Amino acid sequence: MSQELFTINNLWMMIATILVFVMHLGFASLEAGLTRSKNTVNILFKNSIIPAMGILSYAFIGFNIMYPGESFTGHFFGIGGLGLDLPKAGNTAEYSGGYTYWTDFIFQAMFAATAATIVSGAVAERIKLSSFLIFSMIYVGFCYPIVGMWKWGGGFLDTLSTSFYDFAGSSIVHSVGGWAALAGVILLGPRIGKYVKGKVKPIPGHSMPLATLGVFLLWFGWFGFNGGSVLSADPGTVSLVFVTTSIAGAAGAIGAFACSYALFKTNDLTMVLNGILAGLVGITAGADQMGTVDALLIGLIAGILVVLSVVLLDRLKLDDPVGAISVHLICGIWGTLAVGIFGNLASWTQLSSQLIGIGVIGAFSFISSFSIFFIIKKTIGLRVDTKEETEGLDMAEHGMHAYPDIKAAHDQLATL
Amino acid sequence: MKKIEAIIRTSKFEEVKEALSQMRIRFLSYSEVKGIGLEKAQGQVYRGTAYDADYIQRTKIEIIVAEEQVESTMDCIMKAAYTGEIGDGKVFVIPIENLHRIRNKAEGAAAL
Amino acid sequence: MSQELFTINNLWMMIATILVFVMHLGFASLEAGLTRSKNTVNILFKNSIIPAMGILSYAFIGFNIMYPGESFTGHFFGIGGLGLDLPKAGNTAEYSGGYTYWTDFIFQAMFAATAATIVSGAVAERIKLSSFLIFSMIYVGFCYPIVGMWKWGGGFLDTLSTSFYDFAGSSIVHSVGGWAALAGVILLGPRIGKYVKGKVKPIPGHSMPLATLGVFLLWFGWFGFNGGSVLSADPGTVSLVFVTTSIAGAAGAIGAFACSYALFKTNDLTMVLNGILAGLVGITAGADQMGTVDALLIGLIAGILVVLSVVLLDRLKLDDPVGAISVHLICGIWGTLAVGIFGNLASWTQLSSQLIGIGVIGAFSFISSFSIFFIIKKTIGLRVDTKEETEGLDMAEHGMHAYPDIKAAHDQLATL
Amino acid sequence: MSQELFTINNLWMMIATILVFVMHLGFASLEAGLTRSKNTVNILFKNSIIPAMGILSYAFIGFNIMYPGESFTGHFFGIGGLGLDLPKAGNTAEYSGGYTYWTDFIFQAMFAATAATIVSGAVAERIKLSSFLIFSMIYVGFCYPIVGMWKWGGGFLDTLSTSFYDFAGSSIVHSVGGWAALAGVILLGPRIGKYVKGKVKPIPGHSMPLATLGVFLLWFGWFGFNGGSVLSADPGTVSLVFVTTSIAGAAGAIGAFACSYALFKTNDLTMVLNGILAGLVGITAGADQMGTVDALLIGLIAGILVVLSVVLLDRLKLDDPVGAISVHLICGIWGTLAVGIFGNLASWTQLSSQLIGIGVIGAFSFISSFSIFFIIKKTIGLRVDTKEETEGLDMAEHGMHAYPDIKAAHDQLATL
Amino acid sequence: MKKIEAIIRTSKFEEVKEALSQMRIRFLSYSEVKGIGLEKAQGQVYRGTAYDADYIQRTKIEIIVAEEQVESTMDCIMKAAYTGEIGDGKVFVIPIENLHRIRNKAEGAAAL
Amino acid sequence: MKKIEAIIRTSKFEEVKEALSQMRIRFLSYSEVKGIGLEKAQGQVYRGTAYDADYIQRTKIEIIVAEEQVESTMDCIMKAAYTGEIGDGKVFVIPIENLHRIRNKAEGAAAL
């Protein structure tokens, strides 16, 4: 490969890295927007610390677990060392053709922390900060890279006779986060006041502009998430991925709009926002294998699914303030399945590989996250107490308000 | 002196203010209160669940007036705040025992 | 062309696509910031659905109308098919040298929806959601690509003896949106309370941080909007475009600052923000043809024009809450004219071609948008009723508030 | 160099330019978030005008002072002309190999204005708008490029026997801004109500979401700030810079978190946010010379330093609402020193060159900024009067509120 | 007629509302006030400096009731707002001289 | 017992609070109100049009005090809230018929 092509490929991968980085801001905004202002500092704090912890723990161990090297091909687990160590020729086209060793690491590191960020929204407004941070550290440091290794690190899902296919991580990233979100929600129970005397009481998020900003930043980042997963700047493939990703996101919006209008006769912005994300998660597993009509259908169905799932989870009294389970778990599964149904790879054998992958990843993610949460619950506890929850985590955990001027408008004006 | 308090529709406040100033009442204080009464708040839907806020945003007006203006002020408010539909609100009178203007220590009716 | 150069060019065009995408977030933020909080959900909803609808309808028909193929060279109208269909060699340098077929489509698709987004701000706080969505669908699906075809699709404006010049769309994008904004504003009438007894009553926007965020995101996106319009990564041209664009935006800010300070003795942030956009719109038609001094003058004049126009429109009782007509229509026309006055192309013949383009595009855009709005008005109606407008579109159309914690601070705290 | 490689390099430099541009939005958000809502319009206004003024003045004179040409090698001051003038071959690989003349200018111009933006936060909530704008114009137009020339323009710091090293500007950008912030804070005095009867009274910033948005946008932009300072798209170096930058930012967050928790038993979001920036500023001087462990340590120490510095400045009654001095001055110095302590260049001779650079830059920056501020103070005055400060600069200087709906919720609802 | 005003814990408002509606009092107005009293606000920390807000957010309820309901309404509020800890608040009674319903001009007790 | 209500400049609140606590009045409730009176709001300009908000933000203080403290409390407020310029506000006294402390059911003056 020419030095030029290597440089271009690497440039694109670095830009994709930056775009995936922005998704953390997207998650922070979305989750803050869809929860109450008394818990906003807490959400922002978690979403500021998680990427930091994620990058560091991924540098220390995660990257080595996820890409342990060729000697672990077909395995369930492997470890290639500790910390980062530039291999010989790690900065040349020999390393991979698409990127340097450093780019490889940093692109993957930005992905890693998203798994924990997905959980953050679902368990918001009631989980103890310290408990959540401990969970995230373990989950991002070990569980996520183990699953990632199964496919992307050359593990057993990659070496199935018909290889499990998950282009950019509908399962490997989104479902892994989604299962943990489900485990957390089950073990935590609903927020006080969400289900009263058998009835659902909506708890509206405090800022629709923040939520919208979050979703658009996530879509923005998704060009890097999916586009970067091509692992090179190949013009045809990356641009196709851009098209399928955009069409699926757009179709998700329309699907959720139509479905929620049909069911509730309302134009619910939060559903449209979730619909966009649903479409994006849905296309993620097969973004490079789909035609435009496939992408349209996958997105449309994802948009419908997410609305139905939000309503269903509320029926089941599973309280997920931001719809993380519906978006990332349900549509992550849908997207993974869709690879066997639509596009170039569609076939029964592919579908069964997809089912195997979904099953194995689901079992491992759910059991491991449930166990970690469970042990935390039995030891240091998982949930803040009632008084703290009522008053808001911002005061209880941080001793500060997100909008002090507004909470205390008078005080501010008077004193100063 | 009396204090007249009125709890009215927020959307009628501007008209009331205008009407009062027409009758040369140019002093008043007002604030936001939440009201519970016969009128029901509009339904809202959030993520598939319908609900109502169980209160309605209202404006509370407080005016201190001399004895002889009580009647006319109340009438004025009642006219301007009227729509005839449920939720128009209430006006009532509270006795005031003493009043001072801070700026010049004027007392009683002189302070109005 | 070498595969390397093709890959670089395509990479830049893809990145430009992402940047133009972000402009939708910019518009959403700006429009939400410059209107009242009781209509914020409505604005955000429109600006979330429009890009979705825009991408899908442009995929279905718009792209085929705008670029109908060589057989329609010099025409007024053409259509190249339905839906997207990768041509042979569509992913190679043969397609264009600068980008693949997919990149071509997605870059253009991101542009398309902006025309409707421009309208959205001008008609905000009073238009019915359904009416607006129907209008946007038609306008983006048909009217915008028809105009685009005249120049960029090789139509009759391109084949004038002295070709009409509109580099990145001062007319073809911004004025097209601006004319429709004008038509909508005329047919809707002003917001209740804006003009009372012959006097202008300001209705300040609810969040200056949101408005500022929006403008900076738009500027950010403009690097892709103008820079991408080079249609390759050519170092000299793209970097010149970056310089002229930035200088014009900066000069727009200064022009608006100086003008509004001179007229009103006030440092009006919203005018400076509009000034930045004015400068950017102004340079758009000739960004690759101007020197730095030309760009400075174009931006400065645009910044002054936008302030005068905002004031003038208020005199005419044309109520445009966000200044969309002043920014996109007035400065779009100014920018198009400027190509005949400043820079490489300046000449009387060029100026007359510019005038022809402005006239033809204006006539078509205004008449078509006016007609569509008029038919909607006479059938399903254009405007919400007085009660709904007073209460806010958020409750009337969406049954939700943008900031429920603040609207109902007590309720939230008490219940939970 | 091949045209391909030149095009790629230039493309990366242009993208880095856009990223640095976004940092202005980051500063605007961060500063607005960490100050009170009664001064928000003022902050936003300053941060909208400064980049505009900065780009224009840098085009007119700054660029020519900073890069006066080879005839001034080793000098203290030089000037290469006025305005921008494309040199022969300015758009080819001959100009530099990494970028065109236009790219060179616009990348540097985006840097220039940051120096003033750094000051803006420290002097917020009390400085007169006009005084601040005059200061910024002079400081960005002359002082900043003079310092920049010493190293990046080939001046005397570059020609030291062991060259002073400041990769992307820990000193040349951040400290230069930080010293002026310190001068401004000293001459202005603290905000009313900050230090009462010898006690520190916290004045919390009004919006934690805005502050968080700002920091993430700054981190986002830093990929361009540091990555672009490679001045080419060289895969190995740029990707290493991405890794060291990210690790230092992450470590800064953890350092500040741990330190503020250890000292105050609280999870202070604003400290974590400052910690991220501290880590980023810290790594900036040596981002291309450090290993991952070096970056970790530099970031961690920066994160701790910033917390201690914030507390110390409060003890000294130096009132810096956003922590600009702690982040940009203290950690800028730390980062510059760190080049002599960690990484490839670590040595006593390097350390002494770093000390010389810090000293000379500090002396010049502080004295010049102090003098400018002092003259302004003695002539037109530096600070708004007590009534204006109490009421807020938004009303006093701009006659408008940042959130009129909330300040005047009733009024809005009633009238319309 | 009397106006009963109660300044209670914001967190107790829902219970009080519920208790009042059980005794068929379905009309009331409420608003936010800030209270200064024995109870101290929770400590906050900002950038290394500890401080407290020097007030506590409270809810003020205003209900106009007929003479004969004064006693029972006060009791009801006192029971529902009770925690026994410092900061429970106060209830008090203010005389009302006249009351009108705006919607139909009903006066006095008839307007309740 | 009386309730003293004062509508004062928001910017004077801290001083009033301080002055009251000096005379050992440590209990009070306050809230934001909007005032219309002689004082005019500062002019604003938005997109080329000048206008004023037609109200001024004020703080309303409510304190219940025993009969014998009425006079001194009013004086204290009047002194602390004074600037001498138009807009200083008003203080007035409302009769209270009964008072309970919710925490321990104490009644009347004992509940203060």
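Lettered A, B, C, D, E and F in written order, each chain numbered from 1.
The criterion applied here is as follows: contacts are C-beta pairs under 8 Å (C-beta built on N, C-alpha and C of every residue); 3 or more make two chains touch, one makes a residue touch a chain.
Values in this document were obtained by computation on a predicted structure and should not be read as measured data.
Any chain touching chain B that also touches chain D appears here: A, C, E, F.
When the contact pairs of A-B are matched by residue number against D-E, D-F or B-C, more than half turn up again in D-E. The distance from the centre of chain C to the centre of chain D, with each centre set as the mean of the Cα atoms, comes to 32 Å. Chain geometry summary: the mean Cα position of chain A and that of chain E are 45 Å apart. Inter-chain centre distance (chain A to chain F, centres taken as mean C-alpha positions): 52 Å. Across the assembly, chain C contributes residues 2, 4, 8, 11, 15, 201, 204, 207, 213, 266, 268, 270, 390, 399-401, 406, 410, 413, 415 that each touch 2 or more other chains.
Each of residues 11, 30-32, 34, 44-46, 54-55, 57, 94-95 in chain B touches at least two other chains. Residues 2-4, 6-8, 10-11, 14-15, 17-18, 21-22, 24-25, 28-29, 32, 40-41, 44-45, 47-49, 51-56, 59, 83-84, 90-92, 99-103, 105-106, 109, 129, 207, 210, 213, 397-406, 412-413, 415-416 of chain C touch chain A in their complex. Contact residues of chain C toward chain B in the complex are 390-391, 395, 399-401, 407-408, 410-411. Those residues of chain A lying in contact with chain B across their complex are 200-202, 204, 260, 263-264, 266, 268, 270-271, 307, 310-311, 314, 323.
Of all the residues in chain C, the ones that touch chain D in their complex are 2, 4-5, 8, 11-12, 15, 19, 36-38, 191-193, 201, 203-209, 212-213, 215-217, 219-220, 223, 227, 233-236, 238-240, 242-243, 246-247, 249-254, 257, 266-270, 272-273, 276, 292-293, 296, 389-390, 406.
On the side of chain F, the complex with chain D involves touching residues 11, 34, 42-46, 53-55, 57.
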